[in-house]
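Heads up, there are several structures right after this.
Okay, so chain A shows up in both of these, paired with chain B first and chain C after.
For the complex of A and B:
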């Protein structure tokens, strides 16, 4: 791995962070009305006394420094965003946007990472078997079914799963992540968490499975045409060894690249799945923020969504040369 | 010109026999017909709130029942399906046009432009589209279908740029392109007359993919309540259904029609894109 590669990847990461911050800065300023007026109007239109409303507005006036030149405002905004100081939330007052998000983020990361790993692993294995001539016929029959599944978005699958497995059969809870808020980890607590996470995770896995299987099938078809596979067979290696060590291992490389690209879509999708299941991650936070027009929290969630995905992609890209030594020579 | 005609005929002949293409087009045609023929039989003004009795299960009078806001759900489906398609196609066409142009220029000219476009494309691909759309849609409160399509199009060109660029890189080195260059043809003529016709199948596959992605993004905004407020759309119907707890109230007729139609739409677009992929990469054909 060359330093040039690491540097380029880090530069890309910061470009993404910069882009997200810039959008958050510019877009609300293009909309009519200044942000302070918007906040005031919001508080009034809700017609309820918000404790410390004056403090919030004063805080925002100071933060925005609305009389400063645009460039100075932008610089300050950038600096504050990089320190993860995103202002205070209205719907979760007196929590700051950052602390509200940090409380919700572990739920999202746990749900998304576990279900993405399962979908990626299982999907890749099924895809490899789909392309493998020696696999049982039943596997090949799966192909059309997987294609249809890969076409349906996470959110729609979540609603269908919710109806079939929670409402119609009553096997699983309607939503939420726990029966009682867990303090400490014990076996019943973990069981309860898994029981609640099962349906949201199932939706994400089902929706991802087809995508990974189809991608892997394509990559596997290419690898199967390579000479070294013919050689491995001629040497009399066991089929199983050829399948896992020679074919699948190489076909997985483009899948890892695809994983980096698909993460953004997966994160968007799982945010919506959380909404469907009232799962207390940042998707649910976002839903509440939207319903109470809590702009700073909305922007904060968008910002965290972007940097979390960008960070995951950065890690994947930095690990990639370890998987594929050829990249060192580039 | 003649070669384009011949290629089109070959493409149609192949696609007419591809079962995925036929199935996808059939589903799409049915969904289009709902929007075209539906209004002849059903008064779509009933899709407006407070126009019928609320919370009625399906009956002879209201085939798909009514919701808590007093909308007839059959009218909602008939009025909403074309809106969803229009938004998707509009965003898809704009996004793909931008993407194809960038891909052609970046692949053909190479150098600094290619590096910059490549870096921007790769960077944008890792940004969850929903994150940007959220900020825009929540700031610009009153969006309509066209505005939503424009906003979404700005985020749906990257895939086309990537695949077209890769293709152009290979085509650029082919003998006939080199010949054209040696014979003194200008860069723009080479790009549009010699290279572009060869990437049309891939551009079409990207268009279908971008349309499907745009509908997905649009649905994402709608189910969060950020869609057009005054137009009945499928996504907003799901939003209202969830907001008024249609699931736990057992009102399956409220949420299921939009969910089923959206799912069918995504399946149809996927089948069509997949058939176009088969056509563009003959290597995939023998396997499916």
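For the complex of A and C:
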């Protein structure tokens, strides 16, 4: 891997974060009117008396720096974002937006990274076996089942899973992420966390499995027609080696690209899963923020989501040349 | 040990199709002596590649409906798949047609050659393996350094040389070369073919070369077989076939070669037609 490649990827990462921060800054300011004035007008329209309404608006404008030129506001916003100072949350009031997000983030990252990696790995393996002529007959029977699975929305899947495995059988908890809030990591604590994470993870894995399997199947069929596969067979290599090192290794390349994209949708797509399972992650936080019109928190969550997705893409970009030696030439 | 490396008798390959079975080859028989160079020519679809694929047991969808294949005195048709896998490249190797895409793009050349040893239970230490692969690459006119490269870093001719190096890794007694130079330009074709001929002589293997370039073929092989519509219609020493072709199709193939005096006749004929 060349330093130029690493540098370009890093520059791309910062460019994406900067662009996201800028959009985050601009969008609320495109809305007509003044936030303080809007609240006051609402009060007035209900027939309430507000003494010195003009002064209050002016006061707040000065306090939030809204009278400064746009560029000064923008610079201040960037600087604050850089320090992760995203203001105070309205719905979690004494808490700052940053601390509310940092409390929720580990739950989402742990749940999503584990379940996405499982879905990706398992789905790719099944997809590869679906296309492989030497795989057992039972695997081929999975294909229609996976297609159905990939067509069911994940939140519906979450409800089905919840009903079957938590309400009906009672094997798993209805929601939450822990029985007692964990202090430190011991084996029983980890077991409790895994026990609570199992159902949300299962619904994410099930929903993703079909997507990964079908994508891999298509990529694999293409690779199986390549000349290097015929030569690998002619070389007298063992089937297992041809499958993993020659066929699957190459078919995985487009899958990894898709993984970078999927991580983006997965982060925001987990919102409803977390809501369904009462899981205290980013999705649940965002849901609450939306319900209580907590604009600062919504903005903050969007900012963090962009950063995590950009970071995940950066990591994949840096790993990609290890998977495909041709890429560092670009 | 007998001098006959390969004996093909009455090889018939059929492809089942919706409108009955199609005979890709019909009763093909020939045999090869140690070190012999056997050329197979014929138009596309005449059964040349099918013959080679049947030998390697790599027919996709086709089946050998009759005939026998005897390699080094051993009958191949009844062999189980695992035994056949071990025999590939150890006794009979293949130089593929599409040199450009025949190497795995994500593995270094050294690893791709090393795989052959690993799956044929040939164990080496790390340094020894590197030296052996380096030697192999040197023999086909490449630098030992090439083993650390990826396929996309090599030219088409270099890739085909790597394929030739692979084909002699386990010193087989038979090399099958399916139009090994058709993807290369004319200058490189000659050099690569010369390399193939040299290493083949070095290890004393017999070779079956498929091609449709009659001129290139005439220089390389000792025996020539002509295939037409799935049948081997003519076999003989290359000189005899050229000087005294027995079959009408062979005569047509030879006449299709450009030659100086015929070129003059063509030009003359063209001029006469152009003038009213």
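In this text, the second predicted complex is superposed on the first by the 294 of 330 C-alpha atoms of A that agree within 3 Å, B and C clash if a C-alpha of one lies under 4 Å from a C-alpha of the other, contacts with A are read in each partner's own complex, and residues count from 1 in each chain.
Please note the rule applied: a contact is a pair of C-beta atoms (placed from the backbone, for glycine too) under 8 Å apart; a residue touches a chain by one contact, two chains touch by 3 or more.
Just so it is clear, the structure is predicted and the values come from calculations on it, not from any experiment.
Participant: With both structures lined up on chain A, is it a clash or a fit for chain B and chain C?
Facilitator: In the arrangement built by aligning on chain A, the partners chain C and chain B fit side by side.
Participant: Using the superposition described at the top, determine whether chain B or chain C touches more residues of chain A.
Facilitator: On the superposition, B touches more of the residues of chain A.
Participant: For A:309, decide between first (touching chain B), second (touching chain C), both and neither.
Facilitator: Only chain B is touched by A:309; chain C is not.
Participant: If you stack the two complexes on chain A, which partner ends up touching A:177: first (chain B), second (chain C), both, or neither?
Facilitator: Neither chain B nor chain C is touched by A:177.
Participant: Vertex at chain A, arms to chain B and chain C: angle between C-alpha centres to the nearest 10°?
Facilitator: Given the fit on chain A C-alpha atoms, the answer is 80 degrees.
Participant: Looking at the overlay, does A:237 come into contact with chain B only (first), chain C only (second), both, or neither?
Facilitator: second
Participant: Output check: A:209 vs chain B and chain C. Expected answer is one of first, second, both, neither. What do you get?
Facilitator: The answer is neither, since A:209 touches no partner chain.
Participant: If you take every C-alpha pair with one atom in chain B and one in chain C, what is the shortest distance in Å after superposing?
Facilitator: 14
Participant: Inside the complex, what are the residues of chain B that reach chain A?
Facilitator: Touching chain A from chain B are residues 119, 122-132, 134-136, 138-140, 216, 219-220, 223-226, 238, 242, 247-248, 250, 252, 255-256, 259, 262-263, 266-267, 269-271, 274, 283-284, 287-288.
Participant: Write out the stretch or stretches of chain A touching chain B in their complex.
Facilitator: Result: residues 12, 15-16, 19-20, 23-24, 27-28, 30-31, 131, 143, 147-148, 150-153, 155-156, 159-160, 162-163, 167, 174, 217-218, 221, 260-261, 263-265, 267-268, 271-272, 275-276, 286-287, 290-291, 293, 295, 298-299, 301-303, 305-306, 309-310, 313 of chain A touch chain B.
Participant: Where on chain C does chain A make contact in their complex?
Facilitator: Those in contact with chain A are residues 56, 58, 85-90, 93-94, 96-98, 100-107, 115-116, 118-120, 150, 152, 163, 166.
Participant: Taking the touch rule as given, give the residues of chain A at its contact with chain C in the complex, in rising order.
Facilitator: 226-228, 230-238, 241, 245-246, 249-250, 253, 323-326, 329
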